[in-house]
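One chain, chain A, appears in both complexes that follow, with chain B as partner in the first and chain C in the second.
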Partner chain A sequence: MRLFGDDAITSSIGNTLLYVLIGVALSTVLGIAFAVALQRPFRGRSAVVAILVLPWALPGVVEGIIWVSIWDGNTGLLNSVLTSAHLIDHYQVFLGHNQLLTVFLTEIVQVWQITPLSTLLILAGLQNIPAEIYESASIDGAGPWGSFTRLTLPLVRPGITVAMVQAVIATLNVFDQPYVLNGAAATGSSVTMQTYFVTFQNLDFGEGYALSLLITIATLVISFIVLKLVYRPVEF
Partner chain B sequence: MRRTHWGRWIGVAFILLWTLIPIYWTINTSLQTDAQVTSRPANYLPPTPTLQNYAALLTADTDTAQAMRASIMNIVIECLAATIVTVLLSTLAAYAFARMRFRGRQVLFYAVLATMAFPAYTTLIPIYKIMSWLGLVNTYTGIVLVYVSGFLPLATWILYNYMSSLPRSIEEAATVDGASRLKVLWHVVVPLARPGIVSTAIITFLFAWGQFLFPLVLSSDLSTEPLTVAIAALQGRHTVPFSLMSAAGVLAIAIPAVIALLLNRYIVSGLLAGSVK
Partner chain C sequence: MNSRTRALRIGAGVTALVAAGAALTGCSSTASGGGDADKTTGVTISVVLAVDPPPKATLDQFTKDTGITVKWSNVDWDSLQTKIAAAATAKTYFADATDVDWSRVGQLAKLKWFHPMQDYLNVSKLKGDMPQLASFTDDGQTVGIPFDASYMVTTVNKKMFADAGITTMPTTIDEYTADLKKVQAGGVQYPLNIPFAASEGLSTYWYETTGAFGGKVLDGAGKPQFTSKSSPGYKAAEWMIGALKDGLVAPANINVSDSQGMQTLMAKGAAASIFSDYSGNVGSLYNVPSSSTVTGQVEYIPTPGVDGVGPNLTNADGIGIPMTAKYPKAAATFIKWFTSTDAQAGFAGADGPSKVLPSYALPSRLSAVDVLNKKGSLDGGDVLATLLKDSKPVFPDGAPSWYPEFSRAVYTNLHAAAAGTMTVDQAIKKIADTANQLASGS
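== the complex of A and B ==
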């Protein structure tokens, strides 16, 4: 019970839940949107897929460094663009002050990394849907939005489930991105980061074990809940 | 279906911008001087492109450059060794699980697969304890062993799926001709399974290249520290300018980016064989 009395750990648990919520929601929505955009063959599609996969293949640490130069308060791209567009008067510090904003911007970096796999998994599901189903739907008068919500989404639920489960595992264990974007600051710290600090800097292996057990159980429980809520068997 | 086209093109344009803007921004920053990087508004193109940051990281006679050079060597050695050992062992294991009948086969196979359901970091502390007990912290052997143990289940699963889909008839013909198991594997199965083996090798290599927390704990001194750990240490100093940090970032993404762009179809097929089902 020592775990829940420690402020740094309590706030890292809150942060981690936010990472999971934001990361799973965003990577799933983007994954579905990207997969639908790539569903039908067009000239150059394989090149677009090759580019899409790129962030999946890069080290998380380096992605943190890449995005630091976008979010940075003194020289960042975001500040430059927002100031030029007169959306803000002067440069702002985005990371490290507001907890929600810090977690959100940090999680965007992880979403950038995990969305390619979500897209591929959902795209593979989409390509199993026989074209005749869409033809008979459009004969029955379904528009693009109607056939998306009533045909595509239900038929691709298995793909979405696998994508969401991989996102749950990745986000619950987030380490590289907050480590690079925030360092040891509590505003964005995750449970995996706390595990690392507690174990390898304070050398408290017992508490480290307890934290990593917590993450393991949470991973299994949340993955199971996603499976129950989202998965439905599909037959064509 | 004409009316849906504009939606698709917006989607495709968004995919390209979302993926490429951050990478472009890093390359752009890496080609500027420290002073140019601080300009407001930012320079969207390098005003006077310079390679001085790359020179400062690669050829200079400073501690930073020495650490960079050593860590690039380390990451290449560790990734190649982990990939070779993983592919070798997973080919043998996948073949045994796909084609041979032996006591405990199913239990063993499910046990291997079940390890994939647990988050990798669960094993961080036990692995650290085992490695320090064996005296393998800060050794190539130690970190490569950890990578192999981590990647082997997925590699075996991808190759198992691939080999199970191959027709048995050719192997059976070879067995009738008197070839041994290993000969059949080497001369018949491996050539047929080559695309699956290539996928497994590429995915393993990219996973190994991206590792951070395990090497942060297990190989954190110059003798074995990979590029990812060296770069995070550089960034952690907070005095290193963005121009230099970005150049270090570009060095660390160059190899995986080229692999991902050129060998994309192997990655896609491997990832799908590894996760669907």
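== the complex of A and C ==
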């Protein structure tokens, strides 16, 4: 109960739920889009996959630092581009003023990191779908959109489920990106950050354990909900 | 693709197992207390700090003189604090000598995770030569020995000040603020750098500014001294937030940390002054052509106060001996050498580049600073030596055991005031509430 009386922890719970919502939705949609784009062989596909995987291979702290140079209000790339395009008159501060915008822009950085794995997981599922099914659908008059919505999506649901569960785990445990981009500010602080502060700064291992347990239970519950809602067994 | 994913997962699993194994191996040794604890020769001690090791020749000479071999590990500060806490809690060996941060002295003394240094060194004799030693003492227990002398100082870009027609440096806060406005009128858009990111640098900036306004943050019992609107702490917070609202500080500084502002604003000529800068930055950052565009332009000035020069607050790095050390006596011998006048002067460059400790700030011993000054090898040495002599600990009675929680309340609420999500009054009230709650033990 003491946990929920702490403003820093309650705001971090709200932020974390937003991270999960935004991160899982975006990484899943982008993962499906990239996987479908990579489904058919084309010249240079291996190179594209290798490049796509790069953000996944980078540590979160490194990604945070890279994106600081994009979002930064003093010298950031985004400000430079928007000013050059005459879309803004003077440099803007994107992070820290508004909670929703701060969480959204911070989560974009994590989406950049986790989408490659989502893509690979969904792509693996797509490649299990026999080509004959698409041929039959085509003969029956299904267009590309019809094939995508009525064949691809239902048949790749196991892959999407695994991708969503890994996104849930990653976003529930987000630490590096908000810590690097926004410090300990309440506008972006996550539960994992609070766990670190409580455990290793306050040296309150009991409360830290309670927060860790909270994240573990949340991971199990949300993953189970995703599993129930999205997963359907598929047989070819 | 399935096999590729599977291979990656297996790889990740193997890596995790190897890492877990390494961690277990690293933590499996037993704590001190056996017969080896008194050995001071023929042993290898593990020194873990968040700095690079001294040059190999220097360490080899130490080994030759004492028979103690040093195994040095450089671990980043945050990870190091985690390791210290984890090892102490699990009562496992981690290092023979490691970091003691000034801000954790209260915690460490209360928890008794480190050997009292007075059991090994003549601490009272060191006091006169090490003004910052007080920051490492709590309730009569000296937890660590400062090995450098980081303290807060005011730096100005004298060229920018001169271009604005300012030839006499300010000695009071009012003069300083007026001069910054002149510098701004002279063409520097945001002349002052204040790191408003929600991190420790914001807290220390406020402590230093509070000192300059003539006060302190907490009393000896940990009670807040900044709740009244006429108190120095309240005025300091108002001055800092006011500088942002008035446009002396860049709006984007709400996300700028202390070192980031020094490196990307001050060193690049985008800011003309930092009220609470690191001692040593002129020589180690602003006068280094590879990292600065303002070489030769930045100087230290005595910190402007209310009616004259204000105090400088210390935040030195210290080294101590964990209770779980295998060879505490040998570690004490190393610390005695590592913090000696000769070693510190050498680390700071008195004996040429071969003995320099990379990124070393300043010696913690006045005698070592004197050596450097006499050899002329310290940028701004005269001013620094005076400031070091008069430097004061942030908490004269030792940092309270709940300092990290208090500091987090300071920087998150001052950040929120800077970001406009609360007023200065609300921020101060929240910080005071936290301090009162922590001081009362609830």
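Keep in mind that, in the parts below, the second predicted complex is superposed on the first by the 236 of 236 C-alpha atoms of A that agree within 3 Å, B and C clash if a C-alpha of one lies under 4 Å from a C-alpha of the other, contacts with A are read in each partner's own complex, and residues count from 1 in each chain.
The rule we apply is simple: contacts are C-beta pairs under 8 Å (C-beta built on N, C-alpha and C of every residue); 3 or more make two chains touch, one makes a residue touch a chain.
The structure presented is a predicted model; accordingly, all values stated were derived computationally and were not measured.
Engineer: Under the superposition described at the top, does placing chain B and chain C together on chain A give a clash or a fit?
Structural biologist: They clash.
Engineer: Should A:Leu54 be classified as contacting the first partner (chain B), the second (chain C), both, or neither?
Structural biologist: first
Engineer: Is A:Ile70 touching anything from chain B or chain C once the two structures are fitted on A? First, second, both or neither.
Structural biologist: In the superposed model, A:Ile70 contacts chain B only, not chain C.
Engineer: Of chain B and chain C, which one touches more residues of chain A?
Structural biologist: Counted on chain A, the partner with more touching residues turns out to be B.
Engineer: Answer with first, second, both or neither: which of chain B and chain C does A:Phe205 touch in the superposed model?
Structural biologist: It touches chain B and chain C both.
Engineer: With the two structures laid over each other on chain A, which partner does A:Gly96 touch: chain B (first), chain C (second), both, or neither?
Structural biologist: Touch partner of A:Gly96: chain C, not chain B.
Engineer: Looking at the overlay, which bit of chain B runs into chain C, 149-157, 167-175 or 257-265?
Structural biologist: 149-157
Engineer: Once the two structures are fitted together, what part of chain A is touched by chain B and by chain C alike?
Structural biologist: 72, 74-75, 91, 120-121, 124, 183, 199-200, 205
Engineer: Within their complex, state which residues of chain C touch chain A.
Structural biologist: My answer: residues 1-2, 4-5, 81-82, 85, 89, 107, 111, 197-199, 250-257, 264-265, 270, 402, 404-405, 408, 411-412, 415-416, 419-421.
Engineer: Provide the residue numbers of chain A that touch chain B in the complex, in ascending order.
Structural biologist: 30, 33-34, 36-38, 40, 42, 46, 48-70, 72, 74-77, 80, 83-84, 91, 112, 117, 120-121, 124, 144, 159, 162, 166, 169, 172-173, 175-176, 179-180, 183, 192, 195-196, 199-200, 205, 208-209, 212-213, 215-216, 219-220, 223
Engineer: Touching residues of chain A toward chain C in the complex: what are they?
Structural biologist: That would be residues 8, 72-75, 91, 93, 95-97, 120-121, 123-124, 127-128, 181-187, 197, 199-203, 205 of chain A.
Engineer: Over in the complex, which chain B residues touch chain A? Could you list them?
Structural biologist: Counting only chain B, the residues touching chain A are 1, 3-4, 7-8, 10-12, 14-16, 18-20, 22-23, 25-26, 29, 37-42, 117-122, 124-125, 128-129, 206, 209-213, 216-217, 228, 231-232, 235-236, 242, 245-246, 248-249, 252-253, 256-257, 259-261, 264-265, 267-268, 271-272, 275-276.
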